[in-house]
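We call the chains A, B, C and D, going by the order they appear; numbering starts again at 1 in every chain.
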């Protein structure tokens, strides 16, 4: 159950790029990890989504009560710990996408296009206003 | 700002695989989308994590009050909508990972190894017990 | 800083009722607890709301992965622990209401009336449909 | 199903205080509202906790992306809307406490005492450090 080694050919510069791991491999490993433990029985969408929310909460907890200066210092000193929490969120995103047969990379690509329509540069520049109020 | 076209060479079967998009490209597009709108100024870790939690909540909301049968039907009929919410979660995972200089794929790979240690198959099989209580 | 002892006169039955504590007293104690520690400086609405979400998550975590039968057993055996988490949520509701000068009991009374309008018995009975789709 | 009118006798100053509504009455109204719609069947602890988290998220969403100055202005102009979201959180706290037979006011009183022990004034004053690291 190892991640394959990839050589990615980038047509824009004619080079090959070595990659250690990618989303599809990670998804396969997550599912193999799960199935080896016979946990599919617990992974209904409600409990998986609940786990996703709790892990997102653990990312957020790192920043509770901290002001900008404290956060700037904190993120440097706690990069590994924050990375682990972000990995936990990604874990559930990939597992749920797999189980519901959703291509989340495609979905994200589409979502970026949707957001480009919702937030045209000339209207949204420098504002944090929701698109419904732009 | 288009996603590159990839040809992935898989050494295990000697074949090339065409890929439309990958995590690095999506991250680049997200950051370009953000920077074109001059939104970096709002993207402190606290507000980004808060957004991550809210988007995870929107995934979860799809399953509120539904029992297993209702969910099974629902996920088929609402695959696109659920995919959009998962994409929103992934969006913030990638943006935060970028901003904090975290390689989230590496972090996930390490996390899977950690979890393999925390949840040995012989102890964890068929149980949803937390590792601290196994 | 003790909760006062109340005698509540209920006009409907002409009786007095002894109460140990109420919302106003609890709010006063929470604020006194906070101010004795000089924590007002940290209690901006964003961080208080973030804490509210995290504590609500801790309530939810109790039920992760459990089916109905497991939950029924669990809530009896873990009443004190669940009560503590609900108390933590109430803590932040009362603190935020105090700081923003909101009468949350009045707000709840109004909200119940609003919901009575959104969910008329004849339409909503036995259904978990959101009012926008009734 | 109206909230009773109370006269609270405060022994410390010998006065009676008129109160429109209290926690017990609000709980009764919430349960009557629920039972009239035959919604008890949906109110398992997991879905109720999930709703609690989502409503807490709606409180938090009000403060997304806003800095201190923007929040100060916002909370004054949006007091009613924020109050409604806090009321929604309180709604689920009271409903769950009722269903699990938890006296949440007692639980909060106990929790304040616990926190007084965890965060002694001389150690915690002016710091937002978690008690485990004090």
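Here, a contact is a pair of C-beta atoms (placed from the backbone, for glycine too) under 8 Å apart; a residue touches a chain by one contact, two chains touch by 3 or more.
On a predicted model such as this, the values are computed, not experimentally measured, just so you know.
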{"item": "Where chain C and chain D overlap in contact partners, by chain label", "value": "A, B"}
{"item": "Pair sharing more residue contacts (C-beta pairs) when B-C is set against A-C", "value": "A-C"}
{"item": "Between chain A and chain B, centroid-to-centroid distance (C-alpha), Å", "value": "3"}
{"item": "Centroid spacing, where centroids are CA-atom means, of chain A and chain C in whole angstrom", "value": "33"}
{"item": "Multi-partner residues of chain C (each touching 2 or more other chains)", "value": "42, 46, 50, 53, 57, 60, 63-66, 128"}
{"item": "Topology of the chain contact graph, where touching chains are joined (line, ring, star, complete, other)", "value": "complete"}
{"item": "For the chain D and chain B complex, residues of the former touching the latter", "value": "42, 47, 50-51, 53-54, 57, 60-61, 63-65"}
{"item": "Partner chain A, residues of chain D touching it in the complex", "value": "46, 50, 53, 64-66, 128"}
{"item": "Parts of chain B lying in touch with chain A, wherever the complex brings them together", "value": "3-12, 16, 20-23, 26, 29-30, 33, 36-39, 41-42, 44-46, 49-50, 52-53, 55-57, 59-60, 62-63, 66, 68, 71, 75, 79-80, 82-84, 86-91, 93, 96-97, 100-112, 114-116, 119, 121, 124-126, 128"}
